Amino acid sequence: MTEGSQSRMVYLSGEMVPEAEARISIFDSSVLLGHCVTESSRTFQHRPFLLEQHIDRLYRSLKVARIHLQHTPAELLQITLNVLDANRPMMATGDDCWIVHNISAGSLKLGPGSNQVNPATVMIFTNHLALRGWARFYTDGCHAVTSMSRAVPSQTLDARIKNRSRMAYTIADAEARLVDPDAQCVILDIDGNVSENKGGNLFVVSDGELRTPSTDNCLAGLSRQTVIELAQEQGLVVREMKLQMYDLYTADEVFFTSTPYCMMPATKFNGLPIGDGCVGGITQQLLAAWSERVGMDIVAQAQRQI
Amino acid sequence: MTEGSQSRMVYLSGEMVPEAEARISIFDSSVLLGHCVTESSRTFQHRPFLLEQHIDRLYRSLKVARIHLQHTPAELLQITLNVLDANRPMMATGDDCWIVHNISAGSLKLGPGSNQVNPATVMIFTNHLALRGWARFYTDGCHAVTSMSRAVPSQTLDARIKNRSRMAYTIADAEARLVDPDAQCVILDIDGNVSENKGGNLFVVSDGELRTPSTDNCLAGLSRQTVIELAQEQGLVVREMKLQMYDLYTADEVFFTSTPYCMMPATKFNGLPIGDGCVGGITQQLLAAWSERVGMDIVAQAQRQI
Amino acid sequence: MTEGSQSRMVYLSGEMVPEAEARISIFDSSVLLGHCVTESSRTFQHRPFLLEQHIDRLYRSLKVARIHLQHTPAELLQITLNVLDANRPMMATGDDCWIVHNISAGSLKLGPGSNQVNPATVMIFTNHLALRGWARFYTDGCHAVTSMSRAVPSQTLDARIKNRSRMAYTIADAEARLVDPDAQCVILDIDGNVSENKGGNLFVVSDGELRTPSTDNCLAGLSRQTVIELAQEQGLVVREMKLQMYDLYTADEVFFTSTPYCMMPATKFNGLPIGDGCVGGITQQLLAAWSERVGMDIVAQAQRQI
Amino acid sequence: MTEGSQSRMVYLSGEMVPEAEARISIFDSSVLLGHCVTESSRTFQHRPFLLEQHIDRLYRSLKVARIHLQHTPAELLQITLNVLDANRPMMATGDDCWIVHNISAGSLKLGPGSNQVNPATVMIFTNHLALRGWARFYTDGCHAVTSMSRAVPSQTLDARIKNRSRMAYTIADAEARLVDPDAQCVILDIDGNVSENKGGNLFVVSDGELRTPSTDNCLAGLSRQTVIELAQEQGLVVREMKLQMYDLYTADEVFFTSTPYCMMPATKFNGLPIGDGCVGGITQQLLAAWSERVGMDIVAQAQRQI
Amino acid sequence: MTEGSQSRMVYLSGEMVPEAEARISIFDSSVLLGHCVTESSRTFQHRPFLLEQHIDRLYRSLKVARIHLQHTPAELLQITLNVLDANRPMMATGDDCWIVHNISAGSLKLGPGSNQVNPATVMIFTNHLALRGWARFYTDGCHAVTSMSRAVPSQTLDARIKNRSRMAYTIADAEARLVDPDAQCVILDIDGNVSENKGGNLFVVSDGELRTPSTDNCLAGLSRQTVIELAQEQGLVVREMKLQMYDLYTADEVFFTSTPYCMMPATKFNGLPIGDGCVGGITQQLLAAWSERVGMDIVAQAQRQI
Amino acid sequence: MTEGSQSRMVYLSGEMVPEAEARISIFDSSVLLGHCVTESSRTFQHRPFLLEQHIDRLYRSLKVARIHLQHTPAELLQITLNVLDANRPMMATGDDCWIVHNISAGSLKLGPGSNQVNPATVMIFTNHLALRGWARFYTDGCHAVTSMSRAVPSQTLDARIKNRSRMAYTIADAEARLVDPDAQCVILDIDGNVSENKGGNLFVVSDGELRTPSTDNCLAGLSRQTVIELAQEQGLVVREMKLQMYDLYTADEVFFTSTPYCMMPATKFNGLPIGDGCVGGITQQLLAAWSERVGMDIVAQAQRQI
């Protein structure tokens, strides 16, 4: 997973190790139970974006997942910045990187209990932000496809706990790709309302308004939050509401939001064109606002990687 | 996680490595997605029990989880026996061991797709079967407690895919332990019917019949299957049916089934005694039948560890 | 919709008219409300199969749909036989025909009420049983694919009312065809259990047993009933139970049942092979038993049309 | 269905035919599958009301129902106006007419597929707007009664696809009429929230606010939209929210909205008086505002027909 | 509530008091919380029927409702027989009586807790078994009508806890009586399956089999159990299964079971005749078997009261 | 339940009786059916608070519960004030009292019907407002704990009917107390959303906003309404929205509202601290505003009782 000759460095529970040596015990709770919370943030022009907010959310996830972490948020922020600094040499000028946190409940003991008995395993790594796979969607739009399986209900595991027990989402994604190998999945909740993408949120533009599911059935994404703020700055009405397949079929515009690509327009839904089948004006306007906010052209960066 | 001076050996994707060195990349799909299927079997008197059936079920899980494994079932069986042989020196005469298989979709590539791009990561290990934590439940019974969170519904991720995306179950277990730190959780499905324990199935004895949920909302446990067979051999009626909290409150006997302990009697449910508050006769009869089937005293083995 | 030069004759509310002239008012309740019940039966060797049972079920549908029909079952049977006789000249020796009944609540009056104010519209027609589209599935198996939309719940409209308000099923079928243009859809109910195909029922063979959903969430198909009877005659265990996607992924065999093709093997489910990917032995055995029961080779008849 | 000696003319897939000759094949997808989308608009003083909006919604329904129509919206509008013109001679001065569009997927071919193989069947007709059945409800209010059956859930078929697969609604209406032959049904969704009337929407007035279900479980009615606009113009607060039977029992006022009658007050709900049992002031105010908007007295028009 | 000049005697928490003086504090948990469990049994020819079983079930209800009763089952049985003896003088030769137990958690203390702080309030009374209201249903059948409200789900309060928190059932009964003042309500569960009557169970006869909901959504009635036993003695197949409105509409026979009337035939369901609209043969056969079992003519007893 | 030597007086269906003699027949519908609606209001400085609003809500409950009360609201208000006056001598200067209304459908007749045949039983009493049990929660906060059982769904019995069929809530409360004997229960609805406390509503403070479930799944509490008004006066944003366990775990502040204690802060949820584990600033600010509104220190009053 490296780019270039020099090795990326990963922070692993107190040590900075080369990426290829970043290994954890097969008895770690992340492996044995998927008991691991996570954050994925990114840089723009090598500067971390909303990193404090990501770390705040991480601590909320830790609490609800009942994982005890031996660092304060401030310490974790500093460690993260150290990881970023250690990997700066690998970042090309026009590129940026992911910053990923994975925190598990540490190594497990097999037996009747399930409480955390060891310190949390802390994995923090950066990664070249490879955007090639998404780049053409900025101009062509992607194909959004409903999966057959449904999202984990909040009474089972709240989607706002950003976690690594993602098998359900992985299978849902594979189902959507049966329709189109490049499809981006739209996962419905068990009542049939739109929930989320495998790793992002979803917006529709209809009647000139921006609409997105409220967070009672999906991740409270920070990219989602950024879009809401940008839209409100642009004077757009933003409504959190139940969306259903009908809303996607009849929307003027649809886009996903997620950390790596920020916003990904969809121009097809379940085989039918969305709006006029082209990337929509409000989507472009919001992407431009985001680019302006971070002082660089988000789309151009991705397209340079093609 | 070792016992004694010699190190256990773990099979890790083609190599036999000492347990302490059994590490996987933090970019493995098991860590990043909980995308890992599993089996836990055990030995009785150092002989594997139902190992072929566990491997068959593993391949069913692999298929539905869309993980491609580079071995045939026969090859995997042979590798497993090799692992067992490699660890025989660590097994004391009266003890037995777990045999655990974890198969993930291998190392991931961050980006838009989620298909498996690398060979599966194969983790096979044995482990001293530490029964101390459960031993007293054979005579005293455990305290079964309903969790507040509910099981993953089958339309989200079928419980019969024995998988490692277990955060929901881990949190449910912690919830039950709020009532009693030694509680064993009883997880209800989203309709309020009894589903399963964090890692096992559940039976009640009422009106002289053995009753257990059908597998449309829980794992199709092989210990569960063993109990059903033993009960039928004993002439007991076994019914797969919906069970609800009322059935547990009013049962004559309740027990859990799982690989390590086989059967674990519960004598209390949500703070109230089950039946007369003692381990029941049919439970004991079935445990004895199981001991007879495997040629050793299951309860005595556990109690020797106290 | 005719074959050959002579025109088929349709019974239309008291008259026998050529197929091309079989037209109904656009104010008919079948057009304006989908308020129309139906039966589809067929002949084997030009003899109607289970026609009385189809007519009995039709009267059950009429009752629950609150449509009053001005004929007794015996009269309707006689009319049906007359239609069949009128169309015998069009039936080639090796061919057979559909016999379809559609009964609507007659012509409507626009306004506040919705009670039937006119005599029922009675449409009875036969049709060449064109099996070409299904013929290759007898040997190759079809591709069963889960739709994204879910079946009409019984508390809304019971699937056992065989009715013509089929838009939900038509859309579900189109969704499945996004995966494969020749897919046969598998519609789940709102709880995620397998319900039915657009126009048929579904069976799996697992552990040597035949399993099919009970009729609380699907049509009580007469082909389904025939398969159950044939299987029991063959000494097979038949269980009506909840089935879920997992059951189809892990089945040894899967097949659909419906009037025109009797049984249609599926060898692929959501892109993965079912069993060994070939039409299964029990499926073939049951098809053979059916052929024997009706005194003709069902598969050969279809294959002659290729 | 005619008034007077001259015959109304119906547009039927390219031809203008007398109403009595407006017939379609019994093999049409509207008859065989209820696969037909629809719009019902009306005139006020012989001028069509919101016709463009109805046609827009029709195209949204066509898209989601995957019916291909061979006309552009502009063409369809022109055809509609032609139908209206052709029938103007039948309209008395004080009367108005329905304008109904039914578009099906055309004639079907029996067999494995369900794709549209023939051009859409286009049925456009006007009809004398017979208001006699509703006229007394403007002054006395109607009796709103909950049906036993529940609305089609959106995950099955979105209510916003205005469609002709209406058997569930027809049966629900008959159930409500068991309580009172003149009852207007109130259909609940599968969670027990108020959804819609057989062919209209529903509002309550409570605490001086106008409240109506949001469109995630009911038709997005244009009469509903008109009431919302009129209310906002009058300075009333309008809230889209979940309503339950309690809200109707305890409302100050309740009314239905639908194209033919615009607004129909209800003064009784499940046998109990609504408010003081009389048509409420806000209902009357909104009706008056609507009358003003269309330049004629809506209530007087209906009452002239008694 | 007395018959004749002498007063019935009621057992009230240790005392035998005349019925008119049988009063409890308005601070009793039965009044303030409906926190009261109950049994209703009856005599046949002045002998109690299944009294031990009723008392057993009462103790199951007490346990799950967490009400502590200061008597053993044997003591309670003796007290009950004393009540019966005390009231024998009031029983006419051909008549019988109810035996009702109500046990509440005693007098409450207002404040933060809800635990039982006082001894249980024990109310045991007999009552003339007034059958006049049901008598004609034995020959004419009653009208079964679905309520609009749904049964309490088991995840809220298990119907098998026979309890006095019956407001939901009382309202459901009133709803059914909107259709017919003599209607007997059929309450559906929240999934739309038949649950129970306000105070009894429900059976259908179809295809020669007796079918009734399993007790996961309804009271485990002892009359229900008696019918099952009688039917099995008669060689009838009895199936516990999900029933839906369709099953009642299309049944050959339908009847309710409850302590006072044993079995009550229904000949109409939601306005439509059941079977041929007459009391069915199997219903009569089972009623006769019950009469034989208890050595008296159940129907004749009721009809003498008309 | 008295304080001091003098007896409190209770209004019981027309008479003023000493509390100890306030008894009702065991045949009352409140005892036999829990068919009883209720209001609990209180005084501040001996003056009733929102009494008219409580009486208005009582009449709404009576209507939906189909209980006929022989008094007008104005009469009931006057009777209530008379009860209050009769009990003023028992009120110490610094204390206050509950005012409780219980209205049942009167004495029942056993038999097939369930209509009200006797006048309503009217129970109106005051009670010393014993706050000792809650007093320390104002400073320490209470422990909020999720019950295992779920709230009664509105399609069964709307929570806005303030009623005495409270067994489900009583059991849920006992379940929460398994975790902590002083726990205050948080009951989820059947979809897993926060509904209500056994006898109160629930608010969270997050992101500086006040959030509470909308009343479609919980009681429309008047204390809840008071908090909303006070918050809006303080310039706080108040949102009615779905809340889930995650919202409570991650809230900055949580509090309950109910008549006796007005607001009760929670500082622990399911064993984890809420916010910083101390009573929050907004909670204190709102409590202070309430104290100011009623002209007395609510917290001090409670603490004087310790």
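By letter and in written order, the chains are A, B, C, D, E and F; residue numbering begins at 1 in each of them.
By our rule, contacts are C-beta pairs under 8 Å (C-beta built on N, C-alpha and C of every residue); 3 or more make two chains touch, one makes a residue touch a chain.
Please read these numbers as outputs of a predicted model, since none were measured by experiment.
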Both-way neighbours, i.e. chains that touch chain D and touch chain C: A, E
Which of A-B and A-C has more C-beta contact pairs: A-B
Separation of chain B from chain E, taking each centre as the mean of its C-alpha atoms, in whole Å: 43
Centre-to-centre distance between chain E and chain A (centres being mean Cα positions), rounded to whole Å: 57
Where chain C touches two or more other chains, by residue: 64, 66, 149-150, 153, 155-156, 161, 188, 190, 192, 245
Contact graph of the chains (line, ring, star, complete, other): other
Which pairs of chains touch, using the document's own definition: A-B, A-C, A-D, A-F, B-C, B-E, B-F, C-D, C-E, D-E, D-F, E-F
Residues of chain A that touch chain D when the two form their complex: 188, 191-193, 241-242, 244-246, 249-250, 272
Chain A to chain C touching residues, read off their complex: 145-150, 175, 178-179, 188, 190, 192, 245, 270-271
Contacting residues of chain A [partner chain F, same complex]: 60, 63-64, 66, 153-156, 158, 160-161, 214, 216
Chain E - residues contacting chain F, complex: 1, 10, 12, 22-36, 64-66, 98, 102, 105, 107, 109-115, 123, 125, 127, 130, 132-134, 149-153, 155-157, 161, 163-171, 173-174, 177, 182, 184, 190, 198, 260
